[in-house]
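Heads up, the next two complexes both have subunit A, just with different partners, subunit B and then subunit C.
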Partner chain A sequence: MNGSPNFGSGCSFAPWADPHEKPLIRFDAVTKKFDDFVAIDNLNLKIYEREFFALLGPSGCGKTTLMRMLAGFEQPTTGSIMMNQEHLTDIPPHRRPVNMMFQSYALFPHMTVEQNIAFGLKQERRPKAEIKERVEEMIALVQLQPFAKRKPHQLSGGQRQRVALARSLAKKPRLLLLDEPLGALDRKLREQTQFELMTIQEKLGLTFVIVTHDQEEAMTVASRIALMEQGKVVQVATPREIYETPNCRYVADFLGDVNIVGGHILGPDDKEEDIVQLAWHEDYAPLRVRLPQPVTFPAKGKEMWIAVRPEKVRITKDYPTDTHNILKGKVLDIAYTGNISTYHVRTEDGQIIKSQEANLEHLHRRAITWDDEVYVHWRAGGCVLLER
Partner chain B sequence: MSNLTNLTEVTDLLTAGEPETPQRPKRRSRMVLPKNFGRCALILVPYVWLLVLFLIPFIIVVKISLSDTAIAMPPYTPTFDWAGGWASFKEMVGGWDFENFTWLMEDDLYWKSYLSSLEIAFVSSLLALLIGYPIAYSMARAPAEWRPTLLMLIILPFWTSFLIRVYAWIGILKKEGLLNMLLMHLGIIDDPLTILNTDLAVYIGIVYSYLPFMVLPLYSSLEKMDDSLLEAATDLGCSPFKAFWLITVPLSLPGVIAGCFLVFIPAVGEFVIPDLLGGSNTLMIGKTLWVEFFANRDWPVASAVAVILLILLVVPIVLFQRQQEKQQEKGA
Partner chain C sequence: MKRFSFFNASALTLGFAFLYLPIVLLIIFSFNESRLVTVWGGFSTKWYSAVFANKGFMDAAWVTVRVGVVSATLATILGTMAALVLVRAGRFPGKTLFSGMVYAPLVMPEVITGLSLLLLFVSLDFDRGFWTIILAHVTFSMCYSAVVVSSRLVTFDMSLEEAAMDLGASRMATFFQVTVPIILPAIVSAWLLSFTLSLDDLVIASFTSGPGATTLPMKIYSQVRLGVTPEINALSTILVVLVSTGVIAASLLTKRREVQRRREERAAFAES
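Right after this comes the complex of A and B.
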């Protein structure tokens, strides 16, 4: 509450870390069933004031259902949703200080762009001049000035999406729910709008919950990300935490690219005591993982997994001497995506390990090419150990 | 023209009963497929239909309306004699005049009939709208698996003869009829009400008979409506009742207009209902026309009445057409 929510400059905005901070929204053991189908499964979640909270997850995992419960269109089957110590479930949708941008836009087809945006403001009976001013501001924000007098059926998909966004923003609600707000926009406009959203959110001190399928977008805008799977929240953390220290293979795999190697715990390393060894193959040396502080060693013989991001995996032709986690293999494929190249290496025991390198020079001649014998390796501190 | 649009309208309505009709636009585009010849033939069919079944009979009626009555067979003069050829045609045209139309202006019976028909049709449309809207609305809100059944129930009366259904109302409305018996039995009234042979009975008959024509287009426009629009409205701070006025009603307006025209247009020319249920002083142009034709055997005046009626109806029909086209342009 006290600090400014300026995520970029490293200034601390972390109400979730403060045990005295009261959440704006609180889900307590919320379950939502459609007949027998469990869409939301015993979910607990806290969202704090002034957060930009991102919901991520595969299609059908319950993101929209969660938002619809916040907006009031669905009632939880069991459990409670609180907003500022008040039971949200008792408040009908039109009295909630919550606005939602619908995934299907739900624009009123018989109203122009302007009228659509003004609709919510008119319901509040604000003065005409204020409504006009706010509508113009919103239209300018989504860059729809030439289309203000058009009806939704005369707009393109992206333009409709922007109208829906402007309409939900117009009332500047305490809690704004954005269900895939930028999916239909081109990259440039999307980045611009992301930036605008962040500015508005910060400036007005609003709380946003956003659903997106674009991880980069979630990482860019969000203060925290909740990753969902089949009606459950698997991990809630800041973008950096969720990327660097995922709590399970599902999270590691869902966000970005990852290499996963399974094995059994062998025991602590003889030299460094925060490093644990994992036996992964009888013919090869064990892999080493640096554990986070405070160190708690997992039980010996336990089946666990190592996750390492491709950009943390180096690839060399010569045997590296300065590292421990070394696998030998053959280059199977090279994917060139402009700024980086991704090498797919098949190790001797048949696993595929991906390694990413920045393309520092023009690629006239590659040092490493198809079918080369190579070593892929990473540092003990560059990977994480996962229980499941 | 209205025949054709009504046909497509009705098929549209029938398909609208099924929850999803994604193949509908496809069917249209297939119509365009045939090569030029096929396309011309296809366009020709409705025009031939119109020519044979509408334009030619109408020209004959206009011709009769310009003639004079005669005690002959057919009962008017001049008639065209095929053997006489061109000379006979010229003679016939020479015998035409607007006498019958002047007569219609002079005798206020006709004007009163027209006005009273328009009034009855207008009030009936309004009543049908008031009764039909809640029916259509609750049908559209009913669970999807129930809707085809409800739609069927609305169409069901068409399976019995129109005449029989109107006759049945005599049994209900007459002095010793079902309605009076029921009301007296319940102790609401002591003496039987006179409903049969009044304008009230005509209103009841027309509203009852044409209600499906109101309900079907209303249902089709209400059913198309996306529920998330109402959710969006309430989300933006609109109470459910207000959302109904601001969203549901405007979006069902095309259905309201279509329904009103579909009731109004046939109701203006209605003959059976005022004849069977109405009283001797119920004036409706259809009844007047019938009397001219069959009681007075004055074919020319009756034809003139029919021509004027058609001209009166052309205005709403054209308006209806316009509205339909606009609707189609929007792509719904």
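Right after this comes the complex of A and C.
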């Protein structure tokens, strides 16, 4: 199963699913402490060759520390980081086959675009002709030919971002680290640049690790996403898996919008054997969730949660048929964001359920409006059961 | 908009008169024909040729310039090193003490600095002269250059150095190819400050100099004790002109570069 859009159609790229595949980077029981503060907590992670790997999480979750350990600016307190079969931990930053694109771009202000890009190659004392050729190649890659002789302050934000990218790619690193690379760009430019990054990564066949707090960005560019919280990796999966089958409420809530209802396991459904029933309120019918294959039933009476995405919740005025979970309520709020409308519905016992509808036609008058009595409903296969 | 009122105008005039009247008087009397300093005897430039013909003045000036250049260079190197450690080394035991001690010579009375250096040189049996003045000047001017350079280093973006190392530059290469060029303006102003301090100094130089090494301020002071001559006025005028030309040129240059930079930034923004 591959949720990544950036590897062309028909070709399935999933080295993490192959037990024989050797990872490019391996974190083994890595802990990083700053005095008493635990930034990274006993973390294990594998990153494979040619992956576009996203480290996602709120600020302070340790994603930047993790990246800085890969670059060599921080040392793990305990545990080891391996690159292929080699300990990365003992190699100083300037000897690692790893390059980084900094959030602030960190362009050298006293050098021109060309000199910035050539800096890394000059340190290796490569022949002049080779450096020149490589710099030209890089400038062409990021389409900065007219600006080669300019200094960073003579460039716009988007152009600086390109210079930073070209500079970090010039040495053909085994691993490229991108620290919030698009954070300083405005929305339109950011979306465009995301696709350019993917194209470049595919074209050069390199391994990219991107740190971001923007979940849409991670979903767009990444082959896999590691979602972090307080120094731990909570889930590592493809964008599709992590969105559709989050492994806990934190993940479900961090990525996109979600409705969560808590309850206790009642037992299997009487009609369909892969559906489990969750008792959530004594006055209402239990909620039904279809379990993934192979089916393992949770213990009866166990406290669990149902997570369902608003776009999978339908809203109707009439009592629906051919569905599994139906709740009656009143429309409390409608958020209109142009492409979609989000209805906030309060059920009779006070639970708020969000339902999203795409605005397929010009909206002159809504069929459903404030204070209407409605039914919100979703199918058992549209929601997931979470243990924590 | 009536901002230039009578009050403002008179305050400005009085303030500037207070500052510059003595110097203006000095310049006027340097063109005095008369030997008597305070009596105007007609216009003449003869004292200027007298200054240039005076071997004592010329020797002293040459000593002063050499002392200034050597001590400013040493002080800038030492001051930059001290600033690097104090700003970059993170926390280490005694850091507060050390950074306090770097600033201490700034507030130390010059007489005490001079006297203590004299005692040191005497007890070490050093021959006092050119090199002892340099050592003494380095001692106090390196503090000033440490202050100037460290105030620049505090705002230095560390990711620039990290980027250099990430691209394969060793610590040494990073320092000379990235850090130094970026903080160069601060290093240059530290050097200029140290040089000026060395040129100005009378007290410490008097304590630490020996026969054969007389700086210009010492020479002027000893001449004045025998009575102010128009020659001294001419010499002082030359110094005033040199210093003010330097300062005005430097500030014009900075201003022009700033304007140029802002224009280029605006152009880059407009293009995108």
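Note that the second predicted complex is superposed on the first by the 345 of 388 C-alpha atoms of A that agree within 3 Å, B and C clash if a C-alpha of one lies under 4 Å from a C-alpha of the other, contacts with A are read in each partner's own complex, and residues count from 1 in each chain.
Operating definition for what follows: contacts are C-beta pairs under 8 Å (C-beta built on N, C-alpha and C of every residue); 3 or more make two chains touch, one makes a residue touch a chain.
Here the structure is a predicted model, which means the values were calculated and not measured.
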- request: Check the residue A:94 against both partner chains and state whether it touches subunit B (first), subunit C (second), both, or neither.
  value: both
### Task
Return first, second, both or neither, reflecting whether A:369 touches subunit B, subunit C, both chains, or no partner chain.
neither
* May I ask you to decide whether A:109 touches subunit B, subunit C, both, or neither, giving the answer as first, second, both or neither? => both
Ask   = So, does A:157 touch the first partner subunit B, the second partner subunit C, both, or neither?
value = second
Query = Between subunit B (first) and subunit C (second), which, if any, makes contact with A:12: first, second, both or neither?
reply = neither
Of subunit B and subunit C, the partner touching more residues of subunit A is C
Practice item. Pick one for A:359: touches subunit B only (first), subunit C only (second), both, or neither. Key: neither
Contacts of A:77 with subunit B and subunit C, given as first, second, both or neither:
neither
Subunit A positions within both the subunit B interface and the subunit C interface are 71-73, 92-95, 98-100, 102, 104, 106, 108-110, 119-120, 123-124, 153, 167, 171
So, in the complex, the side of subunit A touching subunit C is made of residues 71-73, 92-95, 98-100, 102-104, 106, 108-110, 119-120, 123-124, 150, 153-159, 167-168, 171
As the complex stands, subunit A meets subunit B at residues 71-73, 92-95, 98-100, 102, 104, 106-110, 119-120, 123-124, 153, 167, 171
Contacts from subunit C onto subunit A in the complex sit at residues 157, 159-160, 162-170, 173, 177-178, 181-182, 261, 264-265, 267-269, 271-272
Interface with subunit A, subunit B side, in the complex: residues 226, 228-229, 231-240, 242, 246-247, 250-251, 330-331
